[in-house]
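Common to both upcoming complexes is subunit A, partnered first by subunit B, then by subunit C.
And now, the complex of A and B:
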């Protein structure tokens, strides 16, 4: 039975529902902007990671190193771009 | 008739009307010619529907050369206008349109397809594959690029040319300041061809990671393949930024959003930021494959293996990362504080280090090598010193404090031309001479080739060195004229002479092609340069299945091992070969995308909706279609091979 029942996927589905509910909560509670954004960003990144690993099978084939290299590289480039943009458009802008 | 008034040119001149007539006559001549010589079927079967990476490569090559002449014509007009003070050859608006078109055409529609041509043609051959991973997508990439290029190219006769510079900075490019549809053309031409480039990027990465010959590990790939891999990784991460920025710009212009406006919450400098987040990696997308070609050529004609293979790979990987960290140096003067500028100054100078590593590796490859001065090698040798001038002035511009002096002057223009012409154009010309026998089965004439190389190199110096001086003297870029009292006249006249020299050089290149088609001997064999890598192990011109037997590789120089170290390259017996089928859908989809872009440019919504539906129908067709490809039987492979190789087998 345990071979047939996709425990991991069901768990993943449950967790992503919970994450969605948490994210939806910010609409109903009157939170300040920074806290709202923090909750949304954190749940969004966990959600994205969950999708990649559990439902898109990122680590289950021989391509695991290539896929993870790709993800980390993309993540670093994205963060550099975002923080660099913030740096020259807002924080460092006189 | 009112409906058609939108297609009129806002700022016409005799030259534009003459161009209209010329374009019309050319189209008629092509149609009549194709009909008269009964070539429609040939064109459709062999080229328009092809999914063969080699034919697609050649089509990229032809497009790149055509666009080189288009952009070159723009350049010579600009230089002629600037040659003497207070010239009235062009007015300000035409000058704006011409420098915009020149920049866009040269970067997006000349340099990009040129590197795509070599990547398409050479990479599968170098890794011992029979085609790219997704041949149908590859055809789609080409047609998207081609239709994007055509869309930009018709702008100056239908509706008006873009005129906000190739960087297309908003808010200047907003409806308020750029009222003609020119900027829409820019946005859609780049969007459509950028889509093609992104698809190629994914296609090439998969090809290189998944389709290498047995035994070829990542660290046994030839250097051009490595450089292509890194360049395509950069494409995949950089182009989405351009896509997003172009979409936002399009929304600003067509749907009255406020992304890049000065009011209503828009950020007026955000476009410049996004543009260069893409734009700086783009420079490395162009230059890395060019460096790859130099690596192949220098190693072949030095008669020895490439010095420092691992450091070459390492430096490219570092460049692929650093290239995303430097973009702010394009707008140091835009208003950031000293801290921000310093950070980007330092990253900019850091990127000179891996580039320097590559230069030293080439020099060490030459050292104690048996150097043969062929035309490709001559281009490579001319590249090193000229490129170094461009590189060193780049470090000067990279110092943010000093950049306030150089910013937006001809010094900058001189710098990037001195980087891109030796770095990319020389490499492409070197690659053209080097791979010509592989592509077409005969050599280009060496004597004319060397003359061309010297004329182009000297003219490049003549055209762009004076700009360093006039730039430091204060000549701003994109000025359409200047008064005699500024003293810029002499420098600009020298530049003009250099531009004429470049024109002569490129005409000589065309002459060389025509001359060689007529007179060059055809029996040059598969390996005329005594080269080292796999692409030379198959007959020239290459049979459509590339390799009759799958090659086995033990080092970075498979063919060299086979020729001089008793390595058995093809140990397997003949087997039937699986090949993809041709398809007309990519061409059709390209045409629909052209109509889609054109409708969007003029805000014609009914055609826009219809073409959008057409695009989705084409994609659905591909999803539902059954296309198992076809097999080439062993007998056919054997007869083709014995015909091509003759007694070599």
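And now, the complex of A and C:
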């Protein structure tokens, strides 16, 4: 039975549950906006990285550099899209 | 077909390796797709017009349930891939079935949530905010729904053919897709729901 539940994945699951609970704390405690956003950003990106490495096995073959280059490329385009849009649609007018 | 026995089954042929790399490229494109949806949402989040704001319509309980269900399903499909690599076909199929059941439960919660939104007067046409919200949530929900059907066909093939380089490859690619949907949900949970409720 322990053969079916590898330590690495059980740990990964436990950590992602804990990170979710920490993120949910911002709803239950009254925190300032910068602290809220910091907690959310940190927990979300750690969880995303956890999924990528522990569960999606992103780094286990010779394709590792290609996979990471591609994911970083997608991520950079997504972040530039989001923050670029915010910059020219919202922040530029305040 | 050259089968390399030193590699896990899903990587054992060159075609399989290319399929997996190709799917990673697709996931890169999906990251950008959801990036544009988030960009639209963040711009329109305060444009509520006469409609409700996020804080007025979001409910923490179903959102927490959805989050834990999707996290657990991501864990079970990970165990499925682990079982596959150990050659336990039966355990793997059960983990996949469990994953799909959790996926269906997740969709049920989301359908309930959408009905709640429409009930409180937040439909697609209410305001720029509700339109952006329902489009973003709906795109993720449509991906999960598609994934449940995809997974059902994969389980069917596993039962029919057992573990071959092809079925192992398909199962692994499906697990990548499922984990990716969980990653997207983490961002929806953090930056749409929690940020909208504080």
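Everything that follows uses one rule, which is that the second predicted complex is superposed on the first by the 87 of 94 C-alpha atoms of A that agree within 3 Å, B and C clash if a C-alpha of one lies under 4 Å from a C-alpha of the other, contacts with A are read in each partner's own complex, and residues count from 1 in each chain.
Here is the rule we go by: contacts are C-beta pairs under 8 Å (C-beta built on N, C-alpha and C of every residue); 3 or more make two chains touch, one makes a residue touch a chain.
Every value quoted in this text rests on a predicted model; they were computed, and no experiment measured them.
Participant: Contact-wise, after the overlay, does A:89 reach subunit B, subunit C, both or neither (first, second, both, neither)?
Facilitator: Both partners, subunit B and subunit C.
Participant: Check the residue A:52 against both partner chains and state whether it touches subunit B (first), subunit C (second), both, or neither.
Facilitator: After superposition on chain A, A:52 lies in contact with subunit C alone.
Participant: For A:81 in the superposed arrangement: first (subunit B), second (subunit C), both or neither?
Facilitator: In the superposition, A:81 touches subunit B and subunit C alike.
Participant: Which chain, subunit B or subunit C, is in touch with more residues of subunit A?
Facilitator: Of subunit B and subunit C, the partner in contact with more residues of subunit A is C.
Participant: Which partner does A:35 contact after superposing on A: first (subunit B), second (subunit C), both, neither?
Facilitator: A:35 sits against neither subunit B nor subunit C.
Participant: First (subunit B), second (subunit C), both or neither: which does A:73 touch?
Facilitator: Both partners.
Participant: I'd like to know which partner A:11 touches here: subunit B for first, subunit C for second, both or neither.
Facilitator: neither
Participant: Can you list the residues of subunit A that touch subunit B in one structure and subunit C in the other?
Facilitator: In the superposed arrangement, which is not itself an observed complex, subunit A uses residues 66, 73-74, 77, 81, 84-85, 89 for both subunit B and subunit C.
Participant: Any idea which subunit C residues touch subunit A in the complex?
Facilitator: 11, 17, 20-21, 24-25, 27-32, 34-36, 38-40, 42-43, 60, 64, 67-68, 71-72, 74-75, 77-79, 81-83, 86, 88, 91, 175-176, 179-180, 182-183, 186-187, 189-191, 194-195, 197-198
Participant: Would you mind writing out the residues of subunit A in touch with subunit B in their complex?
Facilitator: 66, 73-74, 76-77, 80-81, 84-85, 87-89, 91-94
Participant: List the residues on subunit B that touch subunit A in their complex, please.
Facilitator: Spelled out, the residues of subunit B in touch with subunit A are 209, 233, 237, 241, 267, 269-270, 273, 277, 321, 324-325, 327-328, 331, 334-337, 339-341, 343-344.
Participant: Along subunit A, where are the residues that touch subunit C in the complex?
Facilitator: Answer in residue numbers: 3-6, 9, 12-13, 16-17, 20, 23-24, 26-27, 31, 33, 36-37, 40-41, 43-44, 47-48, 51-52, 54-58, 61, 63, 66-67, 70-71, 73-75, 77-79, 81-82, 84-86, 89-90.
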